[in-house]
């Protein structure tokens, strides 16, 4: 019955899902060391939250995983494959999709076009034939329905409200049939009702086997959702574990209060 | 299709050599503009290299003719291919990084090709140029030949442009124009897409250059790299509507005849200079006040719809269109 | 001996290159815009200075003062009424607009002054100093000195004035600059004006140095772009250094390879830099905007 | 396919408009020819980088038209010139000659200035078997394709321009002869051709080649080149300059780095009378070049031409540019052929010119099969105490002056 939950997302079977392992990653800009020996795991089929005070390197870590930055040192493993240094697109093709902290949609393209851009496809015919093929429109419609945007399908994405754009970004990411989704501040700027809806969607998708890594400020949201919490401070992991454990960890309190 | 029929029919109701010429040039510019539009319009990267490829095409084709005796009108597609490969190399340098380096490299590339044409005397004949054997044909027949040849290239270019516009490839290019980082993050291999777009764009410029070389029976570093050619491609595309299939064609069909008559209308002692300045003025004005170009602006006026999108999506029923108008204000 | 001669001439010409390129860098810094019309502006200034000299007998060095003022205003207006609107909309449009401007200037120069060579021949400074085997034309010393003075002025303006600080802030990070209360739009307008004014200042010097004709700006913009890329786009110090390096490289190259190949030096450097180190030799690590 | 539907309309309209307009123009602009007039088609670069010489040449044609017509035309038929500006762009020039032949029904064609424009346009004339007489495009490539319809109206092709220099140096006693020559050459087919012949001859006479480089047309800074020639101990400078600008620029550069040859010959520059003096003043002394025509020359018809020119285009120092004379001569040659064949049958005109010599202000000579002039020579001129004089060959030298050697320092 699982696939009834979210039409357009095929459940991910146990065997194929892989975990992410960040291993001793350093990244610095000019003099600033954003990450130092950053090490943590994103377990397959779980929801992992990445938290930490401002400037603790959350987004940098995120960008190293998704390929936007090349780590100066260390490695990012997808299953047993080292993907550090890969281009973002190549990583996406490994079924690792991401959203952006500041929501980004192709404003002058229609919602439907926004949906099909991330579709995984290869081969000349696929490239140079119709932009929307086979069941893609169908899948797109189902996913848009899932996030309640179907009625805007032909509008310019730029005409959607902020919250709607966030949902569109999520739905579009799903078109890439990701095994792992990296969400950067998904609840940022959303009103409580929206946040609840979002939490709902994430749970449903997770139930289908989608692995999540979520960078988040909103503690309530995180603690409600996450199976695992990773706490970054000054670019290194100071604590990792179940929400309850992390909450109890003095180092974490120190880090937050310290700031 | 209407225009095509007219154009095919035209030479039969006795076009004189001059008008055949005029249209031949118009087709050439239209095809080059359509080509430029693929990198400059769809992808949003301003290329100043297409002039370089025009000239390179002229020389490669010319040398093939003089050294190997291969007739240009047959080799031109191959010439285009060779230049497209060069484009791949240039693109690799210029397009790996995002942002401004592209325009610089493309301009530099044009200068370099011209520079080599000028200084590799033993190969290119240097400033003395390269003079080609004439196609021995009756002038009018010859005119027809070039006319139909270029018309063919133009039709091809439009077909390609439509194809790309409809394809996932085109979708990717437009995504790159809209937000390259997001596109990359959505699984589009932006470097590859950009380079391929650049190659296609170069192909048309090179073919046009090759045919032009045969047309003039002569190539030299000045006229193979006349900067006004590049300016024309860009202005025509922008005026017509960047990023649309038909914009560049429209632009070319408006601007070229206008320009060539300008010379006959204005007092000749200034026509040439004014010509250049006017093109510049048009470019600035269009960029500033009508960046969408004639076609899109007209469409917006007529249909009150936002700029054209992927045709496949254009199946949109009228209803949401209404809704959209309301939302737009 | 030949080598030293080349070095001397190279440094002297490099000083002027620096002046010509610094405006381009400044503009790129604040607007992320490659001003394709930059060399055209320089040539245009040369023509005006020539006209002032022939018509009213205004000394070219003196005419710099006039031109700087006029071009600053013109530049600021152009930025305010044409470019600023495009910068926010689509940078490539602004780029094309500058291309248009370049051709407007080139065309009108041709219309007013015909397209034959012009050169500004002041009666003075025809002498040449000789130090042993080394010959140093007085005119070059003058243009070099003038360039250095102007650059120094610009440098002080950028480093020791509130305006300069605001410009540098805007260059480094528009958003932040705005947050700390810099009127970014106004600063951009002024900075662009200054960039154009600097180009105008270079005009008369260039005209005393080299003959010029309407489309000679294409040759120059190629050189200038090579300089700013080598210097790391937007880096003022980098540009100065790059200008000297290329100036010397060019003058020395002319001594050892055919004159008609020497021009290639610039493009060789350009491509070398872009392949090896796209952010330029002196540019800070460019952080890709996500 | 919304785009497409939308686009059809404007495209179709444009095409229609275009055709209507152009067909309209096509027929109308064919200027009203009462077929007594002889229509002469010309495309000249009146703008763009060749505008100066283009205008000079165009004025020469105008003078010819007025002179011919004021003498009652050719065989009683008036000459009517249809002329367009090609903005120094070859393809514009080509399409304008197309227009001249197909739309304006020109009877005969005269050429534009500069080899660069003649080479592409002569081919158009050849396709329509139209005679094509031109006065300024003399580079070897012009004749390389052996078009029989082209006629170049100067005493000799450019490669022979410097012959008088060679013969003069030959005539010098061995001890006075320069020993090392320098050949800086503008990257221009015309200049190259001049220099190559001189160099061949000099090396034959045992004058070493101390410096030989081409510089780009955009070259403006000659100090480096001067430095090198100085280092190479060059004592005779033979510069392949194309205009007074690069020649004068060179002189400045050389004097700046103290390069002082005994003889300074320029393929072009010293001939542009007043400007040369303005640009160089004292430095102009003893600089030389060759001329196909001199304003003071006494060949038949020259006085009439010079007077007519100065009447039509008066200028403060009464100068008549050489390009004007060359154009005028081209006109004379064409007229002679028309007079002789009694019509404008181009085939006849062409055969007649291949068979006969014609006297023009450029001299009295004929043409070979490819249109190269046969049997004329250039004169060498030199600046002596602020005046331009014919210095060689001795028999034509202005009241027996000899070339100055060694040249005073510049």
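Labels A, B, C and D are assigned to the chains in the order they are written; within every chain, residues are numbered from 1.
One rule holds for everything that comes next: a contact is a pair of C-beta atoms (placed from the backbone, for glycine too) under 8 Å apart; a residue touches a chain by one contact, two chains touch by 3 or more.
For clarity, every value in this text was computed on a predicted model and none was experimentally measured.
Engineer: For this structure, which two chains have more C-beta pairs in contact than any other pair?
Structural biologist: Highest contact count belongs to chains B-D.
Engineer: Using only Cα atoms to place each chain's centre, name the chain farthest from chain A.
Structural biologist: Farthest chain from chain A, going by C-alpha centroids: D.
Engineer: Measuring from the mean C-alpha position of chain B to the mean C-alpha position of chain D, what distance in angstrom results?
Structural biologist: The mean C-alpha positions of chain B and chain D differ by 36 Å.
Engineer: Quick check: how many Å separate the C-alpha centres of chain A and chain C?
Structural biologist: Computed value for the inter-centroid distance: 46 Å.
Engineer: Can you check how far apart chain B and chain C are, centre to centre, with Cα atoms defining each centre and the answer in Å?
Structural biologist: 31
Engineer: Spell out, as numbers or ranges, the residues of chain B touching 2 or more other chains.
Structural biologist: 118-119, 181, 185, 270, 272-273, 275
Engineer: By the touch rule stated above, which residues of chain A touch at least two different other chains?
Structural biologist: 68, 100
Engineer: By the touch rule stated above, which residues of chain C touch at least two different other chains?
Structural biologist: Each of 110-111, 115, 215, 260, 263, 288, 290 in chain C touches at least two other chains.
Engineer: State the interface residues of chain C toward chain B in the complex, per the touch definition above.
Structural biologist: Its residues touching chain B are 28, 32, 34, 36, 82, 85-86, 89-90, 92-97, 99-108, 110-111, 115, 214-215, 218, 221-222, 225-226, 229, 233, 260-261, 263-264, 267, 270-271, 274-275, 278, 286, 288-290.
Engineer: Show which residues of chain A lie in contact with chain B when the two form their complex.
Structural biologist: The touching residues are 66, 68, 87-90, 92-93, 97-98, 100, 104-110, 112-113, 116-121, 126-133, 151-156, 159, 172-173, 176.
Engineer: Mind pulling up the chain D residues that touch chain B in the complex?
Structural biologist: My answer: residues 1-4, 6-8, 10-12, 14-16, 18-19, 21-23, 25-26, 29, 45-48, 51, 55, 83-92, 94-96, 98-99, 101-103, 116, 119-120, 123, 126-128, 139-141, 144-145, 187-189, 192, 214, 216-217.
Engineer: Touching chain C in the complex: which residues of chain D?
Structural biologist: Going through chain D, the ones touching chain C are 47-49, 51-52, 88, 184, 187, 213-216, 218-221, 223-225, 227-228, 231, 243, 245-246, 249, 252, 255-258, 279.
Engineer: Which of the residues in chain C come into contact with chain D in the complex?
Structural biologist: Result: residues 1-2, 5-6, 9, 13, 110-111, 114-117, 119, 121, 126, 128, 130, 135, 137, 139, 209-211, 213, 215-216, 219, 251, 254-255, 258-260, 263 of chain C touch chain D.
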